[in-house]
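First chain written, first letter: the chains are A, B, C and D, and each begins at residue 1.
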């Protein structure tokens, strides 16, 4: 049995044994991995200036510390909305200007790396690209923080190895994100693996956040799973929030409204306090 | 897509739509499914009088409200320890006499049903028997509470259908237990599916508890996952506690010590309070 | 890595290392596990005398050597057709009388063991009961051949351990049946794991058959997967055949017609010949 | 239930309903998807000129029609051998010159696309990149045949959607490759899903080949699963063959020797003949 053991050798840069102290990643006034809970909120896709600015203002008012919003979207079907691309990035910048919220968005192609270096605060590597090694190596050569999502069927070990790819090139600013794994269960989009949080924190020194939106695929599960994520020891959350989920261009069924987000933040504060964390 | 929908018709007795109010199950002074968090604790297997009485006294002192302990053990290998059988049941009764803790233990065969009716307070149906329909039907014909564990690869829908089998025969005292599902991940014994808790509570009116010991297979994950389970809305926990895990006859690697159990209870009280639950 | 290795000790009775020669199981003129390919065919459920006799005659004419037909049905929902029970067994006996085909049917409860001992030629233990140890032990105490189906999420190792439970009690007439495992794929009912066939034959000396009907859940996949099963080394097949699949009381979508069964047998003969097997 | 149905709309270019006739892809004298079985053989990694030329000559002598060999290797760990890169491509060209076998090798990064356009006959997109959409789109803009491997946990639908991404850009020369999916089973590296072959051939008009080496991870399973793949209707196979598997720099445990490959080809010829295919 390999339970409780990693099977391959080779964890070095991510290994807590070699770096016993928690790593923290500082972005503006925010410190990810510290006693402050990081809340990244925003829509699945940037759709218009009005939409992204409105959502950014609302989530900031409720206490979010980062703005998320997809502009290059990896979609299963080529006929689905692929995101606004560079124009979307411009809209994210407007929202950042108006609210001060740093930007988290996904990079799919090295073609846009320079643009992301300039405009984006945290570069997200999505689940589908967790083992896109050329991409990992390139974001490893910069200093910009990288939010690395666990692959849909990646083991804990493979996930840590992907982070090792980035860090081995020199970038130590890696944030791990559990976002649900693929199982036989069909009621939810994925099965959120909250046990991954304390495991990742034991094996590595990196900050670990949780995505309850993709992790469940159902908006009404976001609140209970967010609370559970904080209770299990996560350093933060990335949550899909939309001003009009029923008409969202993607992932509406897993997005919560700005009003519900505000209530969620209130209940998260209580859990955070029990965990001696600040929210 | 069927996300968020059940695929087959036929939920009736378990269906919250037809029974909007939470069911509670009263055993002695305990009310499972109420505002009181139910804590079932004890060893994987009953091994000796000294062992079970010692553990029962210790977990009671820390606030456990039920005693668990296997006497008929479903083991993957026929060469593994199969439990003490009827003698084990006698030892559980001694521990109950000394502590007042009601007994939860697993029934594998109808042969022992009468004995369980007399001596056991909650009859556990294990994961391997979740679709043992003759067994479900027979425990449906009695009034004794049944703790039904989710099968290793049972969908939410199949799990509820198994409860429906019991209730359709007349026994409405069913407690659902999420205990981890089988996935590709090898680091843990199972992947604990905490999203199942709010889903089961939305779809059914039955109490839902969580087994973080089998759900993870690793003792050091029991505390964070127990906290997460309460935060996600579970009505209780079933936890493997042993006075000497290193020498336990089964599941030692997932059992916590009585000392650690006491500390766990302290931290669970804080989470319970936030959830307006009593522990 | 444990690839290619079993993790637990304890394989003894099933172990090929200790019994290098293939076991064969003789029933009437049939020898399962020999150079003769065993073909078990018939409906999911026995529905009426006319139905079962008609199907039995047709599959016999096409070369089937055993008749299958469920009379006690393990159904996910208690509201689904549960089988004709004892009456169904009587109908199977009539079909056997008229065709000479030995009967294979599933035993779910020890209550009916004596009846099965008298009337049934091969006792099937279904996937849901693969780890129902009291049932395994009891069918281990008789000499009647047992067809043991792999559990929905049973590993190869667990499957062999279940066979070990039976054999350890004294019954050496065990036939293993690969019937598909539960995966994330939703297009098929299960994922038929044909690699299990050569693995089971390498690790054990028992006959191994394949169920392409449950293994795929779609009638049009039965022919190609049956051919593949013979090519991969299976000793036989168990196939759902119905005279009127569109109106079958269960599993119609995975049942082939008697006409198609006849054609399937023709193409299987060609593959069997290449494998130096007789069909 | 969605069994037997695709869940999302949008299959167009790959859709057999709109293109009823089998597509064939012609490379030199070879026609993939025709009555000729395509056999792609060679080592996991190109290691030296001697190694690759020796293997190429041997597999050609046994009847292989394409040479495979990794030069850019996607490895889980950054500390594992990453392939010889451009130098490896030069060695493949030498082996092609000496044997005439066209080259199949994996492209991981667009950086090398021009080089592959010139030197490679079939561009392989590996399982880890099945949803690397920028890469799919770029290989869609060329005419060079693309061998697209199914992702580790990709559904049939997602696999076909990935092919749609390529074809929508204009490249109709897509070959689908089933290479095993990730399941709970630990004895094998993956679970080879042979049901995918007839499903892919029913839903699409594209050639479908099978990789029994990655599909099982164990060299002694390659022969039975190769035979099963031909029997189930595959248009070809891609097989790892090494002159010295024990000392291979990667995947030695799943590579067969050149001698065993020769015997495999003999037995495959018999199955191919039954299927009215030429080998």
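As a working rule, contacts are C-beta pairs under 8 Å (C-beta built on N, C-alpha and C of every residue); 3 or more make two chains touch, one makes a residue touch a chain.
This is a predicted model, so every value here is computed, not measured.
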Target chain D, source chain A, minimum contact steps: 1
Farthest chain (mean CA position) relative to chain D: B
Between chain D and chain C, distance of the C-alpha-averaged centres to the nearest whole Å: 33
Inter-centroid spacing, chain D versus chain B (mean Cα positions, whole Å): 47
Multi-chain contact sites of chain A, meaning residues that touch two or more partners: 2, 7-8, 153, 157, 182-184, 186
Residues of chain A that touch chain B when the two form their complex: 2-7, 153, 155-157, 181, 183-189, 191-195, 197-199, 202, 215-218, 220-221, 224-225, 227-233, 253, 270-271, 274
Contact footprint of chain A on chain C as seen in their complex: 1-2, 7-8, 153, 182-184, 186
Chain C-touching residues of chain B, taken from the complex the two chains share: 8-10, 12, 74-80, 108-111, 128-129, 131-134, 152-153, 157-158, 161, 164-165, 168, 182
